[in-house]
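In the two assemblies presented below, chain A is common to both, partnered first by chain B and then by chain C.
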Partner chain A sequence: MISLYPYFAFAKKSFLGRSAYRFDHFMGILNTILRIFIFWEIYRALYGGRAEVDGVTITMVATNFILSLGLDSVFCVNDYYLPNRIQDGSIATEMLLPVNFHGRMLADNLGNALFQLLFHFVPAVAISVIFIGIAAPADPLMLILFFLSALFGYGVLWTISFVAQMLSFWLINVWSIMTIKNVFINVLSGSMIPLWFMPDWMSGIIRFTPFSSIYFTPVQIYLGQLSLSEILQGFLIQLFWIVFLFSAGMFLWKKGQKKLVVQGG
Partner chain B sequence: MIFFENVCKFILSDLSIHIPQGKSLGLIGPSGSGKTTFLKLACGLLRPESGSVHTMRLIPEKNRRELSDMTGTFFVDIPFFQGNDTVESNFRDLKIIYRMRDDIFDKEYHALAEQLGFRSFEKETVKQLSLGQRRRAEIGATLLNRPKLLLLDEPAEGLDQTAKDSLREILKERRSEGTTVVISSHNMEEISAICERIALLDHGVLRYYGEKEHLLKNFAPYEMMEISFSGKIPDMEDLPLKSYSLNQNKLKLTYNSNYVTSAELLRHILAQTTITAVNTHKSGLSDAVSRIEKGENYELY
Partner chain C sequence: MSFIEVNEVSKTFRVSKRSAGIPGMLANLVVPKYEKKRAVNNISFSIEQGEMVGFIGPNGAGKSTTIKMLSGILYPDTGSVRVNGYIPYRQRKEYVGSIGVVFGQKSQLQWDLPVIDSFELLKAIYRVPDEVYQKNLKRFMDMLDMSGFINHPVRQLSLGQRMRADIVAALLHSPQIVFFDEPTIGVDVVGKETIRNFICELNAKDKVTMLFTTHDMQDIEKTCKRLIIIDKGSKVYDGLLSGIRDAYGTTRQVDVEFAQDCTVLPIEHVEIKELDFPSGRKKRFLFESREVQIDSLMNSLLADYAIRDLTVSEPEIEGLIRKIYNGEVAQ
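The block that comes next holds the complex of A and B.
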């Protein structure tokens, strides 16, 4: 029987471990607030005093930034968890431990994410709401569905990182892969440029990628832009990407392990 | 406990061996002879190209997680710890991984920290440690959950003499409790002190596998004795000596201990003269290994 105790214990350790780096933590909050304010000022200038552009109000844009960048601070996945272990050879030690490696990786990231949610997302969003303002959730149900969708969004982001990390079995340096992945996430997830402003042909393409499921789907739910059937569709798309990417990652993990046990490294 | 049948992998060629439960085996041989490959096959880090490997009746490569609860593995070329964490924190991770009770963990951890001497640097991050310090802590980690099987690749490399002695004592203690121990090493003194069985690998071929005493008797039977005497020069005729030299009142004898014992020699000499001092030197494991590596045949007796 699989015991979940080690994974809860690792999540707790990761959560408590974050509280040791207080200066780093405060600088992180400051960084998120600065990013939100910079984007806010840029878009305010672009709007040039108009209340809306193509049906998108400045409040919607601000809400998108505040929620996306707030979630971005929570969705911190350690992209080098596996690559570092492959590079220094300690992956072999991990393979000989009686715990599931990716379970441990997820637990470590979730503990970190929970800490970030409570002590980074909440203060950063509260300060931004006070000084910039944010649209209220469409209704309480939408707020609940927003958090559920955000959880799935985290799943999509984590599995993208999971697949990218698996490439380190075959690549000496995955830095460039991670950089490309992060550029795609920043641009195509709607956190830098809200997807409302994308040309139709591009938003059509983006809809077939996992990136819009990360931040944009939860934000749309929060703003009440999706009907219940569209929300259900959004959830299914998120779940599809989680299952698809996780399966792809597991396939690569098995291939990578086989490479290690057949070739010896 | 460990069963290899016609295993081929890298340099290992058609290797068949059975290591029974509770035995301690010294895996010896020149560099590149396949010792580490053997250990990696036994714990499932490598898959055999042909043949089969079973450890505790399981196929290691397919049952690594089940085996890892019962096996302690140490490889000299594989880092055990995460460098950014302290030694203590790494051990606490292992407590979680092995699902150890607090009291059992505390008892084992404190005992190992004292015995192997890593208490003084347990609060330092692993990357700050010297090689010897890291080794001490890593070996402690291998022994933490009292595994039934220990697979140790050059465990004494990088250790100072005190730590080597402590390791030797711990392994003897674990062996007496029924733990199966397999150690690869170039240090014959260490192997000799810990192991009752020897497996000699040479270019991937098992050249010898059996009891240590048998190996010594067959490949290192020669002993040397220096005897100081006062009185008449003893007559050494009819004794099965390999060599004999006399320098003033000192006799230097080399003999095959399978043919004549040191007691018989001394009795023979004492009957003729007065012995004032005796020094003996027995051939060791390294002499036996050296003879096998040179391709010398079994000494017949």
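The block that comes next holds the complex of A and C.
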């Protein structure tokens, strides 16, 4: 039987650890708010006073940015969790703990995410909503489904990072891989350019990547743009990516352990 | 079937090889070159429950690699390891709960947190029952004299303090087997003594099985009866510590202080060294015990010269080990 108790301890530790750097935390909130405002102002200028472009209202754009950048602040996966440990050799002491490494990694990230949800997402979204405004959720059910879909979105984002981190067994330094990965996520997930504005051929391709199911699927559900069967389809796509990417990551983990070189004596 | 069973284990690493400077860097960028380094070469040994074994060898001999294979971190390329019925690297998660490992060069503690917080976290990870935890903590803290810094953040500890905290961290869950990888590195004389006594007591009272690597021979002499020496990945000695002298320590040394300056005529099979140059009052005589009888040497010295003081000594273990490392003795 897998006991969850040690994992709670890890999550709690990372949750409590976050409160250590207060100034950094407040700056982080400011950063999220600034990003939302900057994108909002850019699109307001692009709209040039029109209420709607190609059937996309300015409120929808605002909602997209507030929700996806808000979630982005919660979804702060530490891409260098494994790479750092491989690089400085502390992977050795890590492997001495009687827990699943991926479970420990996830617990650590979830503790962090919970802290961010309560003390970063909530104030940043509240301030943005007060000054910019946001579309109301389509109905209460959609709001619940939005959170569920956001949870799966986190799963997709986490498993992408999980796979990328495993490459550090072979490459040791994965900075460039992570940067490329993050560019893909930023551009293709809709957190920079709402996917409504992508040309049809491109959004057709994006639909087959895991990126659109991170933020854009939850946002579409929130706005009530998807029918129930489309929502179900969206969930299945998210789950598919989670299972697929996680299996790939575990495969690499098993292979990587045999390749492991403990650096530094 | 022994408690710890290591069977013809080998491990090879790929080491990046690059010539110096910018040309070397460019060449490496296009066609990287690697060479294989055999860290551990066909090592076998077994250890019984409750034994305390010293595991030594020069830098790069493969000690740490062996320890890492024993503790489930690294996979051996060939051969097998079995500890307490587990295959460490295959059953890592289940296995590591029953062992403790101290890496002198790597800390298990949380850098930013007070020592006690790290201990609490380990308690949760290993699911140590509260009474066991309190009992172990109190006992270890007394033995290692830790009450002064238990609430300090790890980053503010001295190396000796950190090492003691790390040792306790590895033992809180009462492991049956403990691997020490240089637990006294960089620790002062007093600290070393405390750690050695602690290790001895743990082995004597709790019957903890231990493997102990170090570069300080005194660590071994004060703690272990049995010694395994490896060099360049291969085992060169496995036996009692006292057996080292019998096997390799055949050199005898006689230091003589003469009543006045004198020159000693050469003696067959005996090497003579001046200890108090340029005066000739103190000399050292080195010889192999099988080639020269000590009593006949003494007799001839006493008969021919006026001697004020004289000491006969066996070679030190440390000197013998050095010879083994240097390949000066037949193995």
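Some observations on this one:
The working rule: the second predicted complex is superposed on the first by the 260 of 265 C-alpha atoms of A that agree within 3 Å, B and C clash if a C-alpha of one lies under 4 Å from a C-alpha of the other, contacts with A are read in each partner's own complex, and residues count from 1 in each chain.
By definition in this document, contacts are C-beta pairs under 8 Å (C-beta built on N, C-alpha and C of every residue); 3 or more make two chains touch, one makes a residue touch a chain.
Remember, predicted model here, so these are calculated numbers, not experimental data.
Partners chain B and chain C clash in the overlay (superposition on chain A). Applying the stated contact rule after C-alpha superposition, one finds that A:V262 touches each of chain B and chain C.
When the shared chain is aligned, chain C comes close enough to touch A:A20, but chain B does not.
With both structures placed on the common chain, the touch criterion links A:G204 to neither chain B nor chain C.
Contact with both chain B and chain C is seen for A:P98 once the two complexes are overlaid on the shared chain.
Contacts of A:Y5 after superposition: both chain B and chain C are touched. In the superposition on chain A, A:G133 makes contact with neither chain B nor chain C. Comparing the two complexes, residues 3, 5-6, 9-10, 13, 89-90, 92-93, 95-100, 258, 260-262, 264 of chain A contact chain B in one case and chain C in the other. Residues 3, 5-6, 9-10, 13, 88-90, 92-93, 95-100, 258, 260-262, 264 of chain A are the ones touching chain B in the complex. Every residue of chain A that touches chain C in the complex is listed here, in rising order: 3, 5-6, 8-10, 13, 17, 20, 89-93, 95-100, 257-258, 260-262, 264-265. Interface residues of chain B, counted against chain A in their complex, comprise 10, 37, 40, 43-47, 61, 64-66, 68-69, 71, 73, 75, 77-83, 92-93, 96-99.
Interface residues of chain C, counted against chain A in their complex, comprise 13-14, 64, 68, 71-75, 89, 92-97, 99, 101, 103, 105-108, 110, 112, 121, 124-127.
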